[in-house]
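Structure record follows, encoded as structure tokens.
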């Protein structure tokens, strides 16, 4: 039994070991209770190949050399384990009674030993956590020991013990991971600082308008006025979250943005790709593009009104224009930023120019394209609001402008806040779409440099 | 660059191709704009636009007109005023947030919440708040560039290679030293890039603000500027001048970006060695 | 590593393809009007199947030579032939890249957006001459042969850099190249991983005899792997000394401490050091 004075050290060592990082405190205490400690001198054998696999080991201090047998078909056999590293995991593999490696300590070392069978039994009381831990063991075995998944996946599953029939192991892990991340975030100072920031801002607003009634702020609506209006069922100026008109304006703005954005993306991305890929094309077309680009989109307003009949088309045209320039430029820069080695490798491997374009240029430019799309949707909102303020009917820009003209000031603020929220959501959607399409990037970034 | 090299560049294949494409475009524009006159059939969209030849003539007339140049002056003033204000407030704020975690935690979330609100949406609120129209335009202009600059400063500071900081510390540098000699120069390239983008946004906002507050609801008497010039040309029916205005702003925007780029090159000479 | 290897494994007698003939090649760059000679009348004959190590200081122009063979740059004069056929020469200053000469790049060029298996299958899939099933079966078995099974559905960003190099080599070998061109591929790896990679490379070589044109500045790596070392002078690049490595194959890491290895090191290192010093003093930037 471990000495109570060392308990916190044991808990610390457990928490630093990868498979146990997400175990809740109560279970962690129980695991700590079944741990034993052991010391090895430099050069001492920890265990031999073929010995009984009873315990899982966590290195507390010092280091050991771990050599896998050839039968495991691991791509690399030797590994040095240091503080926090886990080995001896054969003890938790189903149907594996003997050691698959030999381990030798290479300096004075202290380890924690956890009996495999006892550990598994502990998890039977909390199969959700057990599943997460075992999945992490499997990942550890496959990724850090380079052992094929056929062996790594022999960790016991707790899936039958989980009641919900459609909870796959990976879903539990993702959910558990999210819960873990949120709980860590809550424990850090960050959310509280954020609230302080908001409080300061709102406080200043309220003080200056409502309480101190500073001269400059006389005509401004204060936060109470705005928020009561926004959330009231029968708003004084006719616009709140309860009025259908509110959603009509949001919907119309969104419609316009969607149409302009998709059109701009559909035209801008291919144009940008070709501009980046073909030197000839770029030499002809890019200067023409660059002549138009410095002209602020809003300078087009009168011309747009002249060219296009009606009040709807000019607004969409302006929004489209802004998005289009941003998307095309960023896509082109993206293509130019792709490391030359990739297209060279493709050509070496026998790909034609077109195949290189499809398999290297397009996927390689994707991260830059999506950054460009996030910028693009930002400028789209920018132009849309301007367009709606000047021409067009309905829409959030229109709301703000008419509210100003009709001296319904709280509506202005409501409009602004709504714009902020909707703008943020659309931008986040673009980002999420990018993450979804570029799984490889998400995984690569998550694992850090390798 | 020597004269022979300059003319080499000007008449290089690449430049000639670019000029050719622009030339083709102008020709098509002329044909389309004059379609009603020449063919009796008006092309959609293009047919309603003034042709380049008329625009050119109109521009010739405007060059002699001092109020045209007055518009240039007003717009430039606003752009550089708002932009400088954004730099003066934005760069220190960005640097503060980069080095001080607490201030980042307090300021950044609010900053991020306000950022998606397009600057133009602030125009009415700004007009209500500020006593003069000029200040309200300046405020909105400031906002436009401000966000971009802060984000770029933060990005630049965050990407400072940790090893530079560690090297300085191991050589015994104080916090102030580290700030002045490492953080500041390392963020300069990002500030320069951020400025270039910010400049573009500033022009957009200035033009829009000039059009909206000058020609929009609050009635006439605004302080001019190229945006106002375009709007009043539209209202007054001289459509050629609209296009003159558009091209003028394009040129003005290009000049400001070039100036910034040169300044940036001057401040960050080490980037040129790539 | 595990497999049993036959004794005549180092012999080149049964390799027919992949003889490179570099004759009097000169390459002059012209950045901003200042002519820089990167390669100076370089002539090298590489027999089919040889592991030819090109050793030299940074920036001396070895990569230029590799790029010329691969077809990424042209040459100013001279000629390069592969198995008697012209790659580049007086009428044709730049070769076309092709799957008979595949490059393994310094920082790796596995496509990060494709899984390892898709990367390996890339060449034959682009050629379109075999069915998808055939290609993927071959890909899987080649990966298994090199100890890469289990990593098929991972992305290159998820595996270690040592494994990535191996996947890249397998990707190249899927196309039955005559020549593999290595541009300091192990430069960024730590020495422990390097030693594993060397043994792995030799093992792959014993199974698939191709000509290997390997650029390195690491003398130990060169002697361990190569049949022959060609030590280049600092810029402009020209072969300065040739060292025949007659250590028998198959080689494993015990070779490093053998007396013959030490002798060869001595033979080579003075020349290498002399050229490295010249390059350092000339302020050469890394290529």
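For clarity, chains are labelled A, B and C in written order, and residue numbers in each chain start from 1.
The rule we apply is simple: a contact is a pair of C-beta atoms (placed from the backbone, for glycine too) under 8 Å apart; a residue touches a chain by one contact, two chains touch by 3 or more.
None of the values given here were measured: they were computed from a predicted structure.
The most distant chain from chain A is C, comparing centres defined as mean Cα coordinates. Between A-C and A-B, more C-beta contact pairs are found at A-B. Here the CA centre of chain B is 50 Å from the CA centre of chain C. Chain A and chain C, compared by their mean Cα positions, are separated by 39 Å.
Per-chain Cα centroids separate chain A from chain B by 32 Å. Those residues of chain A lying in contact with chain C across their complex are 70, 73-76, 142-143, 146-150, 152, 339, 341-342, 344-352, 355, 359-360, 363-364, 366, 438-441, 443-444, 447, 450. Taken in their complex, chain A has these residues touching chain B: 189-190, 192-194, 196-198, 200-201, 216-217, 219-220, 280, 283-288, 291-292, 294-303, 305-308, 378, 381-382, 385-386, 389-390, 396-397, 400-401, 403-405, 409, 412-413, 415-417, 419-424, 427. Residues of chain C touching chain A in their complex: 2, 70-72, 97-99, 101-103, 105, 107, 109, 111-114, 122-123, 126-127, 147-151, 155, 157-163, 166, 171-172, 175, 196. Residues 13-14, 17-22, 25, 45-46, 48-49, 102, 104-110, 113-125, 127-131, 200, 203-204, 207-208, 211-212, 216-217, 226-227, 230-231, 233-234, 239, 242-243, 245-247, 249-251, 253-254, 257 of chain B touch chain A in their complex.
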